[in-house]
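Read from first to last, the chains carry the letters A, B, C, D, E and F; within each, the first residue is number 1.
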């Protein structure tokens, strides 16, 4: 059973992304939204942690939140998929349950 | 010039205490209040960091917030002083400026 | 699919109510049903019809009101959370002896059971908060 | 000593307004002057007189109202932050064409200049927030 | 009791999990989350609670809130059994990091690894975290 | 301009420092902090801004907010010079941790170590952080 997790907090500021990664099972997905999108950037001090978690978890990032924060797709860790709000809705339908790491 | 810093966030959840410690100069004071009081506990994974910072910075913790959270004085890192609200007021008057690490 | 949406933060202070709105709009556009939006914690503040945001900014409450009216979405404000925070409808204001009420007509005040019901009845309950 | 107090969060959701209240009470008891309390961000919600907290809990707004009245404390709500969040006094409600107002009488609505003035005039400006 | 909702949703039992990740008193989430838990049990749903991250502090023994002027709501955790809420799980890693043991907790809980909690979470129909 | 406050506070110039530690859009603090900064400058005070922790994201180039339906307020940072606000400091450690350089920023700033920022902070009369 595949679960969708959202993380909306900056990984530089809070532990939500860490907690999410440590409790997301293999085969589940994590969608980074709002201030959580900073977790998708490459070359940061948390990028390695995210890259490692991608072995087993699929990562997505919300494009409109990235753009709002001045981040273009080429700054994103390779393999993280960018989705819009319609894609966010699709992800919730395609996973069997949902947890927001507030 | 001695400055008083307050930290009101749990050090297990956010970076405020780290940031405060890294920008508090020698001779200044840090008062832990609200959820920040957890930073005063001994035997935690952040206790060493706080103990090290006590070489140069004086730490205080707000007693009423400790009690509310079920923590007694014997769980506090030795050398951290417990104050009440009157003590909080005194600390602000005895330091020349103030910064809340929200 | 049938969605329930839970909003835990008030307008402007956190992005939660905005993201939830964009999500709901996209869900409706994709043909899904929004069974209910439940406003909890500071989320109850979204229901206030007294807000006057700057002209050059979005109006979070108006956005929700229009989406709800156009799509007949059930908008429920938690009564306990609302009472604590000073959000009242006309009935509540009278019952509590308060001199005014401040909830926009499209919202209705009810209990937490409405949130649990959304959890039971919906295929997905999606939370937005701080 | 002359204190200014800045409160950035609303009642109940965060402890900020409670801690600030205990601080202010202790400061007054120690003979200090509270020059002004400034309510900013969600802190403006403390000024609402429509709240009905549970009987067995504290009433954050009442606590502040009583302390302010007993000690003649200047209680200022930021107008821009209040407009965004649906906090209005009678004048503002009329000016904005809103049907109700919801600010307790002891609070007055004014601009951010009042916060800057508190910073200039006070010996210490003490902030409580999230 | 034959409340209307019990008729409507009769027979539908979903697995609800509440993940408590925030400390008490600094913010209201722990308290308002507990209110949802109680209502969910009143709807005869399958309820489990997880305490992880700072949520483990919610069930620390000996909370004494007179000094901060807030209501001590921790006794309610002890009352959960009376509502047939008996699935209480605590994250061992979070306890360890905070220098706590099961002895420090106000209620009987099952201490689990994050891997075990992840398994449990995955079996749920509805997961809420405030 | 002879605004009343200028008469009253004439001659009093204090050192105000604003420490920006939060990312934009997810919460309103960055925007409402900027409003305080502008008013403080209008009172002819000595203003400096520090961007540290996630606050460095506030001045990231290329912010495009149409997709989230919120107002892009980042151009205001470029207007600060017009208000004689020229002391903008950025924490190098925070930039490095986030994979950013001064090239990524919308305004000219002085990049500093935390030790240097600590020295500056200590010289201030009023420090605000939202």
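The rule we apply is simple: contacts are C-beta pairs under 8 Å (C-beta built on N, C-alpha and C of every residue); 3 or more make two chains touch, one makes a residue touch a chain.
Note that this is a predicted model, so its numbers are computed, not measured.
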Shortest path length from subunit A to subunit E (each step joins two touching chains): 1
Given subunit E and subunit F, the chains that contact each of them: A, B, C, D
Chain of greatest Cα-centre distance to subunit B: C
Chain whose mean Cα position lies farthest from subunit A: D
Copies subunit D and subunit C - interface residue numbers shared by over half, same or different: same
Between subunit D and subunit F, centroid-to-centroid distance (C-alpha), Å: 25
Distance between the centres, which are taken as Cα means, of subunit F and subunit B, whole angstrom: 26
Overlap residues in subunit E, where contacts from two or more other chains coincide: 25-28, 53, 68, 70, 125-126, 129-130
Overlap residues in subunit D, where contacts from two or more other chains coincide: 8, 12-13, 15, 19, 22, 41, 54, 57, 80, 125, 127, 129-130
Touching two or more other chains - residue numbers and ranges from subunit A: 8, 12-13, 15, 34-35, 64-65, 84, 97-98, 100, 102
Category of the chain touch graph - line, ring, star, complete, other: other
Touching pairs - complete list by chain label: A-B, A-C, A-E, A-F, B-D, B-E, B-F, C-D, C-E, C-F, D-E, D-F
Contact set on subunit A toward subunit F in their complex: 8-10, 12-13, 34-35, 38, 41-45, 47, 63-65, 67-72, 75, 84
Touching residues on subunit A, where the partner in the complex is subunit C: 8, 33-35, 64-65, 84-86, 88-90, 92-93, 97-98, 100, 102
Of subunit C, residues touching subunit D in the complex: 10-13, 41-42, 45, 48-54, 57, 61, 80, 83-88, 93, 96, 98-102
Footprint of subunit E on subunit A - complex, ascending: 1, 3, 15, 19, 22-25, 28, 97-102
Subunit A residues touching subunit B - in the complex, by the definition given at the top: 12-15
